[in-house]
Amino acid sequence: MPSIGFIGLGIMGAPMARNLVRAGFAVTGFDLDAEAVASLAADGGKPAGSIAEVVRGADIVVTMLPADQHVETAVLGEDGVLAHIEPGALLIDFSTIRPETAQKVAAAATGSRVLDAPVSGGQQGAVDGALSIMVGGAEADFAAARRVFDAVGRVAALVGPAGAGQVVKAANQLVVGGTYALVAEAILLMEASGVDASAGLDMLAGGLAGSRILELKRGSMLARDFTPGFRIDLHHKDMGIVLDAARQAEVALPFGFQVAAYVQAARAQGLGDRDHSGLLAVAEQLSGRSTA
Amino acid sequence: MPSIGFIGLGIMGAPMARNLVRAGFAVTGFDLDAEAVASLAADGGKPAGSIAEVVRGADIVVTMLPADQHVETAVLGEDGVLAHIEPGALLIDFSTIRPETAQKVAAAATGSRVLDAPVSGGQQGAVDGALSIMVGGAEADFAAARRVFDAVGRVAALVGPAGAGQVVKAANQLVVGGTYALVAEAILLMEASGVDASAGLDMLAGGLAGSRILELKRGSMLARDFTPGFRIDLHHKDMGIVLDAARQAEVALPFGFQVAAYVQAARAQGLGDRDHSGLLAVAEQLSGRSTA
Amino acid sequence: MPSIGFIGLGIMGAPMARNLVRAGFAVTGFDLDAEAVASLAADGGKPAGSIAEVVRGADIVVTMLPADQHVETAVLGEDGVLAHIEPGALLIDFSTIRPETAQKVAAAATGSRVLDAPVSGGQQGAVDGALSIMVGGAEADFAAARRVFDAVGRVAALVGPAGAGQVVKAANQLVVGGTYALVAEAILLMEASGVDASAGLDMLAGGLAGSRILELKRGSMLARDFTPGFRIDLHHKDMGIVLDAARQAEVALPFGFQVAAYVQAARAQGLGDRDHSGLLAVAEQLSGRSTA
Amino acid sequence: MPSIGFIGLGIMGAPMARNLVRAGFAVTGFDLDAEAVASLAADGGKPAGSIAEVVRGADIVVTMLPADQHVETAVLGEDGVLAHIEPGALLIDFSTIRPETAQKVAAAATGSRVLDAPVSGGQQGAVDGALSIMVGGAEADFAAARRVFDAVGRVAALVGPAGAGQVVKAANQLVVGGTYALVAEAILLMEASGVDASAGLDMLAGGLAGSRILELKRGSMLARDFTPGFRIDLHHKDMGIVLDAARQAEVALPFGFQVAAYVQAARAQGLGDRDHSGLLAVAEQLSGRSTA
């Protein structure tokens, strides 16, 4: 069983590290929050006091960090992962960041191997070891990471070279955000027309308009229950990645950009800590039908 | 078993009328195309030479017409359905038209009863008797139409008062068109980024981004196979109804309006007779990546 | 001097009729509002009690009506203008309506001649005889209408065949509405960034971003003074014409459609009777920065 | 007369430096392109071989660089401007960059003073000393820079604190790009409707829809003459700044984001080296009316 150094024991990282311990890996963990490190130690991990300490001797280094700037510092920085990683060791970065940053990490990792592996499935998925993992990198490295992915996820797929995992995650968030916006407008149109929106959404859910979002969220959306779930603030961060990824790929995404504008609006309207289905509240306010 | 007068034996109407015959109804049919009438007669229906003839004596009148102007003429016109319908008879209009027109029909039908009942499921659904039927009108009339709906559809729901069926159909088309646009942008972003779009879409399909469209159409979209299916020209007509319905309901639908613009673009680019998944071709051309 | 029959003595029509009287035309006027007719009579016009009365004997018939349905009734209706107009007489329709309706009027006017001649310049322009007039129709008819146009407008141009005046008016309203939206976003971006928006707009106004709207309206917009001017409700009506004109012309206008959505939003938010520069309030609310 | 160190002698910087020489300043110039340095020396400037050399002893340092990364390196970098600038000297950065980067420069310049001063007016404006200059920073520094601004520009305004100049430039580019898109759609609507677009645009130009762009560019747009002028590639860079500035300011700019998508489209369609009025070609292609 390879040894794992785990950096980033936050809301997502902590349960992922725990699932790796449970799966039998020797996991050394580090986080700026000493309590998070202690908590992992209590569950069978080994505490570390620095990135250097966690990385040295590890066969596999795992990072799960909030955003690009944290990866820039913790991985690419002077005293970061790549400064200390063992020759031939594998770095799996589960963070959701810009494809460009993921490619920069891969390019900088001479002598080691790198996979970008952003996940979807949220905190519950992390706890349950049921994440979906979108992986960019080399096939051999993907194969080598298989047992790690099995311990934290339900499904993992290699989708292309370095950065590809991030692109797929971005595409995912574009579609998810856009679907919320479309369902919101459908609800709004029906309610404003005096239609039984619940019966109407049932029809939509059963046909070509059907989606996971309609299946899981139509009840809470109709009830204006925006308890997260996945917060607008995080979706806003992800839409920033979509904007960057689109510019890097030189593609024009009018719908994706529109989604970014509306997620920004939700955040600006104070809904940052609400569920991303809260895009409905933006649509409502736009049409002067705010129920809040 | 009530007697049925059926007006509009086109691509959708002909198989629907046939399914009513099979279900045991006495069906008298009329269409401007005499051949369509003869064909129904060959299958056990009774031919009629005019709207008046088909309507007189019928317990239930069914209309399945292409667009608002046909309903205006055939139902509301001087020699139309309402001029000849029996007192207390039930008119079921399966046509997809503007909510406003449906409400006009209902308001004009003094002495008779009216349901607006647009369908989804396409030609194949009509042939298989497997349509989804969105119904606006009174509960008692919906109950009275139950056996008709059972003969032509898989599911039918009463979604509100007169016009409500049309509103739900419009909402459905908004969501369907928008989902195509989102999936198209996701594909474009992945392909332009050098990602394995097929593997990427598999990931999307399995998570919160999942949809009936991803499930059924991702293969054909990746292959740029835009064989209809449901034609852009028809979706364009339906988006016109979305625009009208939104204005009538006084709601602002920026995503819906954007979808309308892109479906219009597809049509203007000569894709009118291609499947609505052909929105992908519009997205591609916008980014200078046309594969045609 | 030709005799004029004038139908529609509202906010715009009344001062236009008055300017025709002043210019020396013999003007007979009609409106459903008897007071408006009396008021014109007091100013030197001749009152009439019906469309028939006003049209009979007139060399030129002028209509200035609120919307398509009024033109349908007053011009195309059973007892309307075309039923009574003298052979060879000229109908000038100043109403802002759909190009399609204007073309229908022109097609129905066998034996008489028709110009569609929507105006811009607002109530003040009507009072001052300083309207801009966009004219569709034949050159000879345009020449024949020259003295009428001189009496009510500052500039008139023949822009194409029947309906062309309406298309240009629609294009005008698209650009005006869109420019307000752009200026609104510029203001919002500057204010939210802690910039002196007034100094910033001065810079924009002086360069390639400069526009009549920046010139005339930046002060009132910065002060959130949305006293009309031209009301959102009217601009909303006009954006409906833009939607129709775009569909008729088979062109995809994503920006125009977006403008339509935002003008609808303004109206739905209760700003229908405010100036169209009030699009700024929609932009503000979207970003949670409402100052109201 | 204060001495000036000028870094960045490109298409814009070279004529600006020349105008400073002409105004009587002692100008030392540096560029990575030795030929540009020699050319300035031939015109009365003093050549320098490094940033350090140009900065040392200069009362005012001027930078005119292509993009954020160049400013990061040349100003903030290890051997950059701020490493060598004299205590109390003034740095005027004419580059168009992200507000955030401008603020980073200002924050890093302890001991010296900084103005961000992006310009509009293009190459011709630089040659003619007729640029418009949007300035962020302190009043005293703005006053101190007055003679520099007079030498290179026609108008300069202090619009707020550090970064404010960049925000106003971003707002300017948003409005300019958006106005092109609106005018493009107006042209398209008129042409597709059989209207005399030239006569129509004349009407628009004379009324509330009027703009500098309509005034200067309607002829070339109608003729599809997209000779630059200001290139799409540069406008694309600037729209990237708009996206960033909007995210920094936490405002939702649906129109601005849409403009960014269309400028990206123009670039992706191979129009990067054409004038930004070439947005018309994108609108045309979207509607299947490409004349190319």
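Letters A, B, C and D mark the chains in the order given here, with residues in each chain numbered from 1 onward.
FYI, a residue touches a chain if its C-beta (ideal position, glycine included) is under 8 Å from a C-beta of that chain, and two chains touch if they have at least 3 such contacts.
Keep in mind that what you see is a predicted model, and the values were worked out from it rather than measured.
When the partners of subunit C are compared with those of subunit D, the chains appearing in both lists are A, B.
Looking at A-D and A-C, the interface holding more C-beta pairs in contact is that of A-D. Each chain gets one centre point, the mean of its Cα atoms, and the points for subunit A and subunit D are 36 Å apart. The distance from the centre of subunit A to the centre of subunit C, with each centre set as the mean of the Cα atoms, comes to 51 Å. Across the assembly, subunit D contributes 246, 250-254, 258, 264-265, 268, 286-287, 289 as residues in contact with two or more other chains. For subunit A in complex with subunit D, the residues that touch the partner chain are 240, 243, 246-247, 250-254, 257-258, 260-262, 264-265, 267-268.
Only residues 254, 264-265, 268-270, 282, 285-289 of subunit C touch subunit A when the two sit together in their complex. The residues of subunit D lying in touch with subunit C in their complex are 99, 120-121, 132, 134, 136, 155, 157-161, 163-164, 167-168, 170-172, 174-176, 178-179, 181-183, 185-186, 188-190, 192-196, 199-200, 202-204, 206-213, 216, 242, 245-246, 248-256, 258, 283, 286-287, 289.
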